[in-house]
Each structure stands twice: as structure tokens, then as C-alpha cells.
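Given below, in the form of C-alpha cells, are the structures.
In what follows, subunit A forms one complex with subunit B and a second complex with subunit C.
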Partner chain A sequence: MVNILKRAKPRLAALASCLLLAAVTTGSASAKDTIKVGVVTFLSGPAAGPFGVPGKNGAELVIDAINAGTLPAPHNSKGFGGATLEPLFIDESGGGAKQVAEYRNLVEKQKVDAVIGYISSGSCMAIAPIADELQKLTIMSVCGTPRLFEEKDRSHVFRTQGNAVGDSIAAARYMIEMFPELKTYTGINQNYAWGQDSWKFYSLAMQKLDPTSKASSKPQFPKLFSGQYSAEISTMLLDKSAVVHTSFWDGDIEAFMLQGMVRGFFQQKKLVSVTGASAVDSLGKKIPDGVVIGTRGKYGLLVRNDLSDPLNAWFVREYKTKYGVYPLAPSYQYAKAILYYKLGMDKAAQAAGGFPSQDEVMQSLKGISFQSFDGEVSMALAKGRQAIHPVGYGLTKWDAKKGEPGVEKVRFYGAECINPPEGILSEDWLNAGMPGAKCN
Partner chain B sequence: MLAQVVTILLDGLNYASFLFIVSVGLTIVFGVLKILNVAHGAFYAWGAYAAAFSITQAGELGYPDWIGFLLIFASSIIVGLVLGTILERLVLSRMYAQDEVLIALATFGVFLCLEDAILLVFGVDPYFAYQPMAVLGNVVIGGVFRDVYSLTLFALALVVAVSCWWVLTKTKWGKLIAVVIYDREISQAMGINVSAVYLIVFIIGAALGALGGAYVAPTTSVAPGFGIDVIVLSFAVVVIGGMGSIPGALIGSILVGVLRAVAVHQFPELELFVVFAVMAGVLIVRPEGLFAPPKARTI
Partner chain C sequence: MNQILKNDATIRWAVLGFFVLAVAGYFMEAWVQNNIMFGLARGLAVLGLMVLWRTGLISFGHALYFGIGAYVVGLVDRNFGISDIFLRLFLAVGASAFVGFFLGFILRKYRGIFFAMLNLAFSMVLYGILVKVESLGSTDGFSVSQTTILGWTPENKYALFAAIVFVCAVGAILVQCYLKTALGTLTTAIRDNELRVEYLGFSVARAIHLKYIMSAGLAGASGALLAMALGQVDPDSMVNWPVSGELVFITVMAGPGSVIAPFLGGVAFEFLRTYAFELAPEAWQLIVGATLLGIIFFLPMGLWSLLERIWKRRGVSS
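What follows is the complex of A and B.
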């Protein structure tokens, strides 16, 4: 028996070597068949329910569809440059320092091919320098501060969502078009990059578009995730301003609306909410009619009943089937970022005639225009890294027939009407009176 | 002008009432058990979730909106009793001989566990239990609409303050607690069940934390992370007033509440700064806080 084993040893060793070689070869091929991507969104904390989880759902839905090749045309090719995407979902809560550590872990230990996500402007500003330092392709999906590209050139960062400049100018245009008689305004915005930028650009746009309008000297800047706004509501009720601008998001917008409703706030003030659509869905019938609501794009509440676009129709139908609720703005925004990555991978793979390098993918992502679930998106700013797209607003109106929230008097403003051309800082463009703005 | 002063005062007292209800539990526990209980924020969050969940369920089952008030108090008692007992018996009672910093770290660990447990039990979606607030409607005071529900917070804070004063100064229980605070070992030697006093005081502190959360729940969106900020705020109030002092917690709450309201109305950009500026100022002038109880000198 021992002799048999001895004789068999060299053969077994040869067989084992062959198997090992086959395993290594197969492993190498599967590395090209599968790509790992970190998808970062709020999975805990007050932003998880209204923003993070809908964002994750949107990403998951589209990743599954692309992996299976079931997205509608023209995006119905299977995979990302032919590869299957394996997402690693990471929680965005915990602040900038934690996010930087998570990002380093994704890149250096998990060896991801790209990172997609980030809702908070604070996270985006913390991650962008690290993305450039580690030279990892990173696509920001939701955050809105214009500082991301206006303060510094980025080498590895892209953003598929328009910024606070377009959102604010669209809000100002809507108010002037729909409520020209309301000349005075104040604001309540969270005390960090997104809130401060939103207020700054809304005020600037109002001053330029209607020089007779007047801003309050006491705009409110409560802490992010503060949740209690009794004193702020009192201050604004005593303020003579007719309009209140807010870029509140997450649980803050819902808390503010609840507290405002019981204090007759909406009967006395016209609220313009840049991202309030998530609260309209959460609070349902309790939201009064006539609140000005935005979604930062052709998303959610504003396009829910307009299913003429096949991509939007597919997205709304599939999302509702899978998750039992309508997709919110973050669902679209994450889905869009994933789709953008697919398009870059496909284009680069085609040009390279095989699996593309990161540089080839980034080159193919720069400056492209594409049809997403929210219509046409153009990577027109920041040397082809920053998206522009139309932004719209509407007035809340309870749909009694359907028993769900609805909107009326929806207006969309074209991307080139609300964004500066390439090469000009947003503030300079606004101060100059928005030269070259193409508004129909 | 008068309308503005009235509004600032009401806003300040409203916030002060909220701060007092939350921080009084923290200060009672510190005063008696000498524990900085970081898990207090989790009691607040669990109180809010328990109230919001039960009020929402009651609404869906067709119960009248006023039932929400009963559910707020029931939720606070249940959360205080269950979580307070578990934490005190399973964790703290085994650590009383340890260093105070170690105990504080242990409560921090419990806080993180309880925060995650919220995600497991209640999920990530926010809860809206607005019924008790809506049922009371609003009134006009100083030319401004105010929700009556927030005004009832004053009454609740007053009841809590008077009850604490009465129990501690006029009852046998208060005397027992005072003796245990003064010297644990002598109390034990004299036949006082110190372990039971600790447990009961801790449950009361936990229930007060839960009451703060449960009472605030109808005014806001109850979402994950609900208890994080409140522990920082209540800690600031307790430090200002003097750790372990109930009158200190009351005065600290009023000071922070009113100054914050002044900031919001007059200098909105200072809102965030004012709470901690007051704390820093008090610590510079009186490091032990405004009303720190006298300490027995040991030789």
C-alpha cells in the first residue's frame, strides 16, 4: 500500500499542479468577468429612510438589470464592458473622517474598481481629495455643493448630479414666474456646505432676476439633523418675508414640515423646498396644497405620472414592483450614476477591444451626453466631469382620486438656462447677470 | 417689540423644558450612582420609537388621537423599566467598584448596541406620530401661532421638577437616597438596601430619558440616530448646572434654552455656538458647575 502511494506521488503532484494552474487561470479570467464597485449611501441615521435606502434600492435595481441585460434600449447590452458588477454597499453615516477611512478600505483592501455614491456634500468634499490621491475613479451621485469642482480641479472625480447653482436658479425662476407678487424672502438651510451654498445662490439669483425683491437679514442656519425648529419657525413667522426658501433634506425636512403645519406656517408663508419631495411622499395627505416642491431633476413626484419616456416608465414600474413604493429622487440619482459607469465601461471596452483600463474608462466618461431615467444628462462642466440637466418645480396638490400626493403647475428649466457655461465660476456668472443663459 | 420678547421667552422656555426633562434623568443617575450614563441618549431614542410606533399603530387601528398621551407615558415607563433594569443589573451592578471612566465607556458601548438594536427592531424608515400634537391644535400668543402641544411641555417639565424636589426632600425615599449619596458603605452597614436604591434610581433616570424622547416624538420625524445629539446637549446642560444637581439642571436648561432662542431670533449664525459658549464660560468661572452639590471632604 505504501509502495503504491510512493509510486503515485509524482503523478499526484503533477495533477495538483495542473489543477492549481487551471484555478489560477480561471481566477484571472473571472477577475475580468466581475468588477467590484463600492456603493456608498446612508444605511443608518436620519438620512437613511428618506434618502439612503431609496438610493440603495435604485442602484440595486439598475445593477441587477444591467448584469442581466434587461434594461430598455439603448442600454440593453449585458454587463459593464461585458463584466458583471458586484456592489459593496457601505454606510455613509458617521461623518467625513469615517468616510475617508471607509474609502481607503474600499480602495486599498477591497481593491474595488470604482466607487459610486455619496449623498452629503460634506462627504463629497472629504472624499474628493482622497480619490485623487489614491487615483481611484469615483462617481458622486447626489451631493450638490458647487465647491466640489469650483474650488479645485479633480483628476479622478465625476458627478452625475447637477449642483446647487442649477437647483437655486430654477427655484428663483419658478417663484418669479408663478408668484411675481411675492417680493420678500427668507430661508432656513442646514449649516454646512449644501445649505449655505443653496441659500447663497438662491439669493443671488433672486437679486439678479428681480432686483425689486428683498432678502431677509436673518436667514436661519440650524445644525444638520437638528430636528427641533420651534424658535426658527417663530422667527420666520415674525419676519415680514412672504417666501421661505429651504434646501433641507433627510429627516429634517419632514420634522420641519410637521412642526410648521401645526403652527399655521404654510397658511402664512410660501415655502420653496429644493428637495422636499421625499417629505411629500412620507407625510402624504398631511402636506398642505400649494407648497413649492423640487426634486433636483426630472425625478420622482414631478414625473411620476408622465410615463412617456420609456426609461422613466421602466424605472417607475420595476421599482414599484420590487419595493412596493414609488422611486424617490435619490433612487433616480443612484441609478443614473450606475448607468453612467456602464456607459463609460462599454465605450472604453469597445475602443480597447477588451477589458479597459481605468484611464480608458475615465477618458470615455468625460464630456458625454446620455439618456438616463430622468431624460438627457450632459457632462458639460468641470472639463467633462460635472453633469448638467433640467431642474423643475411644482406645487403640491393632493390627488384625491388616487389617494396619493401629486403636483400641479410643474415647470422644468433647461440645463443651459440654469447653469453657467464651462470655464466661468457660478458666482461670477450670476453676478454678471447670467450672460448666455439659454431659456426658452 | 413686546411680541418679539414674548416669542423669544416662549421659544426659550419651550426648549428649556425639553432639555430639563432629558437632562434631569442624567443628573439624578450621576448624583446617586456617580455614573456618567452615555446610554441615556439610547433611552431617549427608545422612548421616542416606542411612543411613535405605538401611536402610529393606535392610529391605524382607529383609536382616538388622545390615546397618544397615554401611550407616551406608558412607553416611557416600559422603556425605563425594561432597559433600565437590564442595563443596571447586567452591566452596571458588576462594575460599581471600577473606575468611573471605565463605567462611562461601558455605557457608551451599551448606547451603540441599543442604537443598532433600534435598526433591527424598527428599521430605517422614519415614524410620524403627529396625532397628539395635531389634536391639541394651536393658539396665537404674541402674534405668532404656537402649537398647544409644545406649551404642555412647560407643564410636564414643571411636574417633573416639583416631583423630584418633593420626593428628595419630603419623603423617606429621599432621605434614603441622600444617605446613600453621602456614604454608600455606612448606608449598607445601617441596613439600607443600597443595591435596590441604585436599581430604582437608575430606572427612574432611564424612564425620564425615555419620557423626553416619547414627548418629543409627535413633533418630529423619529429616525435612526435620534439619540445622538441629545446626549451631547444634556451633558452640556448638566455640566453647566453642576453634575448631580437637579436645581442645576433646571437653571442650566433655562440658561441654554433662552440664550439659544435669543441667538436664533437675533444672531442666527451663533445658534450652534451659544450652547457650548455658555458651557465653556461656566467651566472657566466655576469648574464644578453652577449648583454642584457640596462634597464631603475625606481624610
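What follows is the complex of A and C.
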């Protein structure tokens, strides 16, 4: 046995190195009737469950439908500018530096025609300069940091999701409209960029919209993914604030809700969760009624039972049939980004009378408005690269008849009510008291 | 020093190898060039870890110095607009060696698991600070502007590639020279029997301290080069514990056999990850892990021992 092993070792190693070499030398070729697109989303780690996998499913569903030409009108033309899209799924976990390396691989090794995806703001900020450097059309689907376009002009980057400022302003408007008597608020947010931003914009919006409201001096910033919140819950129970704002997501929101429920936290405090809808499904009946839940757009929980829009109806039905669960916000967000790419390709192909160049596609993507699975989206900001769309909130309400979680008192706030006009930084606009906001 | 430079076979091979690589890089596809660049940059930190490993010490916290190097490059770029590769590198190495010098007073007293975990603790302190401080970019980090070389702004990545190859060659040669000095030859002696080394009249604590500072400086240079190659720094990919783990992973994969091994290991790791990512986007960690297991079982002295074996067999047959 030992002998065999001894003899086998060099051979095994030689075989391995041959394989490696062979793999290095095989290139890739693509014809004009298929296009290759990198789709980046969390496939491992804590963000995969509530964000990455629903996002991937949403993308897959819509890519298949577009390739087959089975989307409902007006998007029922076949293919992307006539071509079939071949997605290459890539894992987003591991930090910005690894993402940059993988992005380079996608562009330079796989020679993709475009890259669509990215959930974390960190990834988006890391990828944007590289996208411009490598001159590759890149559509960001989920990340929310306003810094993406406000810090710098981008040449090859687009984003179909509204930024974190809109989410926070909508939350503040909802609270003031529905619970005007609750004047004091505190927050529990993960101590990293998204949590810090979300709390900053929420408290700014509250100050401006209702100057009599008062923020707690002790907002909580626990560590990301810490999972244990008993100390924070105790602190907030002693705090006089009536409202608790949170931008928790993933396992953190579930852990927080479970730990809060057993201590009667939600009977004493009104929770506003900016993006906690994934927890509503996983906690099911355990989730208390009356929690304010948002989905960052006309997505998921807030619209799953309102099937008046034919695109949304199609999406909910097909997704549920294929995957056995309801689509979550990331499913919509990825689907939207894919659809947006298709529309740009179609328009450019029509104008060019053939397969369009990347510049032509980007030109036709700029500034368009379109009907997506989440209603009207218009690329109104950052010189036609940043989308605005309505954002809404609702109250959780257990649907005893269907035996599944539901929502009531859903309110959506128009895109122009929660987003600044073109050419002004979100934070400046908020500080100036949101001049020119069109709310109805 | 001159004697070593002239007579050492490893150095001759290293010079030749790096020179060939620098020339070959010009003809490579951009993504191959990139992967090699990242691999070499990481190899520099692994070189430092290898010196510690030969002394019998494993550090699970060298992401601390790796991160310091990367963040120094990012910060001097953002705050002072310093873009020259050598100036950036000098500051990064200086900062990380400086921190290594102070922490070395504590760490040189510990061995084995205590040394490994204490390093980890220090690196996680830096991680905690970076994540909490918004002005340092928090979890998002920030981007690093393009690197210039002595006032010249290169048009493509090849110049940076060649510069990185050059820096790695210098690093490998300096470490090889160090290993040939009296203090350097003590490296394995310390691992085998500290007491005897003391009886020979050398201070073990000081020898370890010096090696520690060296490894810190190398890790700093490594982080700095990677930050320049990527154009981005963030705590998760520069300072968090998996980064330290990766460095140890490459050290074990490469093996302690030679100062060239870390660079080989770094490049092999980069390609391994790229292909694992491509083949199994949902289970790429599994492939990477299985490879390490395979190497530990079949090549306990790392990839380098494979080359050595091929080398020796050739020598015998010819």
C-alpha cells in the first residue's frame, strides 16, 4: 500500500499540474447570437439565504423567460437584442478586494458582455472604479449607498435600485403619517456602512419632517452578525423612545425579533424595519402584528397579494411555481436589472439595425423609464444612470385565512417624494428640508 | 553578503526566474497577468510567514501587518495624494515594521498556539477599529488611485506587474541573504532546541524579535502591493481573520523549502481560487479546502517538495 502511494504521488502531482495547465490554456469563444453576462450575488455566507439565493432565482427566472420570449407584454420580444443570454453566476462573498479580482476575471478572462449584480455597498464601491477602468457595462442591482454616484461621475455604471436615502425618507414619512403621536425614536443598526447610513438619513428626515420629534441620545450599534442583542434590548427598554428604527437584515433581524418577542419588546416599542421582510416569511406566525416593514420598493411582501399589475402577477406566479416560495425583494431587484439590460439591448439593436456595440447599448440605457415587475422605474438621477422608484411600508398582520404572513395599511411614496432632484447631493437636500419634493 | 550573492544557487535561480517572469508577463493575457500579480504580492507576506514557520512559529494574525500596509497606501493616497510605488511601499513597510517592533516585545515571549492566537487578537483589534470608524471607510473601504513609477504614469498594468516582480525578487534575495547569515542559520536551530541556542551565546528572544519585525515588514509590503494592484482597500479583504488564514494556507501549500516557494504558492493559490470560483460558484471553498487536504496528505512539505523531487530524479538519471 505504502509503495503504491509512493509511486502514485509524483504521478498524481504531475496529473494535477497538467490539468491546471490545460485549464489555463483553454480559452472561450462566443458567437454573436449568444451574449455572456456575469451575474454576481451572494452564493455562500450569511447573506446567501435572505439575499443572494432569492436574487439568483429572480435573475434565472427572468433570463429564461426572456430567452424564450415568454415575458408578458410589453416585454415579450425574444432575447436580448435578439441574442440569447448565458449567465455566469459568481459568488459575492469575501470582501471588496476579492470581488475586484473576480470582476477582472469576468471581464478579461470570460470576456463577458456585461456584469449585473452586487448586493453589498462595499462591493459596489469597489467595483465601480474598476468597471470604468475596464470600460465594461455594469448594472448594480441591490446595493444602496448614495456615495456610488454622489462621490464621483461614472462612465460605465448603472443602478436600478434607489439608494438608502429614499428608503429612510419613506420610513420617516410613513411613521409621521401613520403614527403622528409617536414623537421619540431610537435605533438599532449594525455597525457598518449600511447601518450607519440608514440611521443617519432616518434621523435627519425625522428632524426635518417633524421638528418636534426627538432622537434618543443612545442609538444602538451592535456588531454585524453578532446575533445576541439582550444588552441592547435592555438598554432600549429603559430608553423612553417610542419608536425603534432598524436596518437589520438576514439572521440578525430574525435573532433580534425572537429575542425581543420573549421580552415583550414589540408591545412596548414600535419597530420600523427598513429591509426586514425576509424575516417575516421565515418567522411566520411568530412575528408580532403591527411591525412596520419595508422592502425598499414595490417588492415582495408588500405587493405579493396585490396582483393588479400584470408584470407583478406574472412574476409572483411563475416564481412561486418554480421555486415553491414567494419572491423576496432581491428577486425583484435582480429581475429588474436583467429586464433593464434587455430593454437597452433591444432599443440599441433596433437603432443600429444589428447587434449593437456597448456604447450604443449604454446610450440607450441612459435616462429611460420602463415598466418593471415593481411598477414604473425611471433612470432619473446621476445623468440617467441611477433609478428612482416608489418605496413603501406596511404593518405586519398574520393572515389566518391563508395561514401565511401578510401586511395591512401599505403606503407607497412616489419616487419624486423621497428622492432629490438631479444635481443635488442627497444629504444636502435633506438638510435643506427636501425642497421640491412632489408628494401627493 | 557579496559572497552569498555570488555563490548561492537559489539566488541565481531566483534572479533568472523572476527575470523570465517579468519578460513573459508582457505577452500574457490581462487576467493571467492580474492573477500572477496578486499571487506574487501575497507571496511576499508568505515569505515572512515562512521564516517564522522555520523557527517553529505560526501566526494567525499577519493580516494585521498586511492590512496596515494596504491602508497606509490608501490613506497616503487619499490624504496626501502620494502615488509613487516606491514611496508608498516605503511608508507601508515602515509603518508595519514599526508596529511589529513594538508588538514584538510582547509576542517574542510566546510560542505555539499562544503566539498564533495572540497575533490573531491584535489583528482583530485593528479590524474592529477599521469597521467602526466611518472616516476610515468603515466596512466599505475606499479606492486607491492609480500607481505611478518615479513620476511616470504607466498606460497599462504591465508596468505595475514588472515593478511587483522586481520588488518580490528583491524581497526573496534579501531573505535568502539573511538566512545565510549567522543569525539566519539559527532559524531552524531555535525550532529544534532553544536552550542550546542560548548556550551558544545567542539571544533567542532577540532572534525571534528580528524575524518578527521582518515578517511584519514583508506582510506590510505585500498588503501595499495588493492594494495597488487591486485599486481598493477594505477591512474584510485586507484585515479580517480569513486573510490571515489564507496566508497560512498558502504557506502550508507552498512549503518551507525555499524562498521562491512562497511566490509559487501564492500564484498557484490565485489560479486555484479563480478556477474553483468558475467551476463551482456555490462550493468553491470546498475545492480550495480539499486541495489543501490533498497537499497535506500527499505533499507534507508543500508544492516546493514536488519540484525538488522532480529535480533530484532528473539529477540522478542524467
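We adopt the following convention: the second predicted complex is superposed on the first by the 410 of 440 C-alpha atoms of A that agree within 3 Å, B and C clash if a C-alpha of one lies under 4 Å from a C-alpha of the other, contacts with A are read in each partner's own complex, and residues count from 1 in each chain.
The rule is short, and it goes like this: a contact is a pair of C-beta atoms (placed from the backbone, for glycine too) under 8 Å apart; a residue touches a chain by one contact, two chains touch by 3 or more.
Small disclaimer: the values here were computed from a predicted structure and weren't measured.
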item: Partner chain(s) touched by A:G264 [first = subunit B, second = subunit C, both, neither]; value: first
item: Contacts of A:L283 with subunit B and subunit C, given as first, second, both or neither; value: first
item: Touching partner for A:N191 - first (subunit B), second (subunit C), both, neither; value: both
item: Subunit B versus subunit C as contact partner of A:L238, first or second or both or neither; value: first
item: Partner chain(s) touched by A:L204 [first = subunit B, second = subunit C, both, neither]; value: neither
item: Partner chain(s) touched by A:L43 [first = subunit B, second = subunit C, both, neither]; value: both
item: Shared contact residues on subunit A - subunit B and subunit C; value: 43-44, 191, 223
item: Residues of subunit A that touch subunit C when the two form their complex; value: 9-10, 12-13, 20, 23-24, 43-44, 88-91, 94-98, 100-102, 104-105, 108-110, 121-122, 125-126, 129-130, 133, 145, 147, 191-194, 196, 223-224
item: Residue numbers on subunit C that touch subunit A, as the complex places them; value: 29-32, 34-35, 38, 131-132, 134, 138-143, 226, 230-238, 240, 242, 268, 270-271, 274-275, 277-278, 281-285, 298-299, 306, 309-310, 313
item: In the complex, subunit B residues that touch subunit A; value: 3-4, 7-8, 10-12, 14-15, 18, 119, 124-126, 128, 130, 133-134, 137-138, 143-147, 149-150, 216, 219-221, 223-226, 229, 260-261, 264-266, 268-269, 271-272
item: Contact footprint of subunit B on subunit A as seen in their complex; value: 43-46, 48-50, 52-53, 93, 191, 218-223, 225-228, 230-232, 234-235, 237-238, 250-252, 254-255, 258-259, 262-265, 268, 282-283, 286
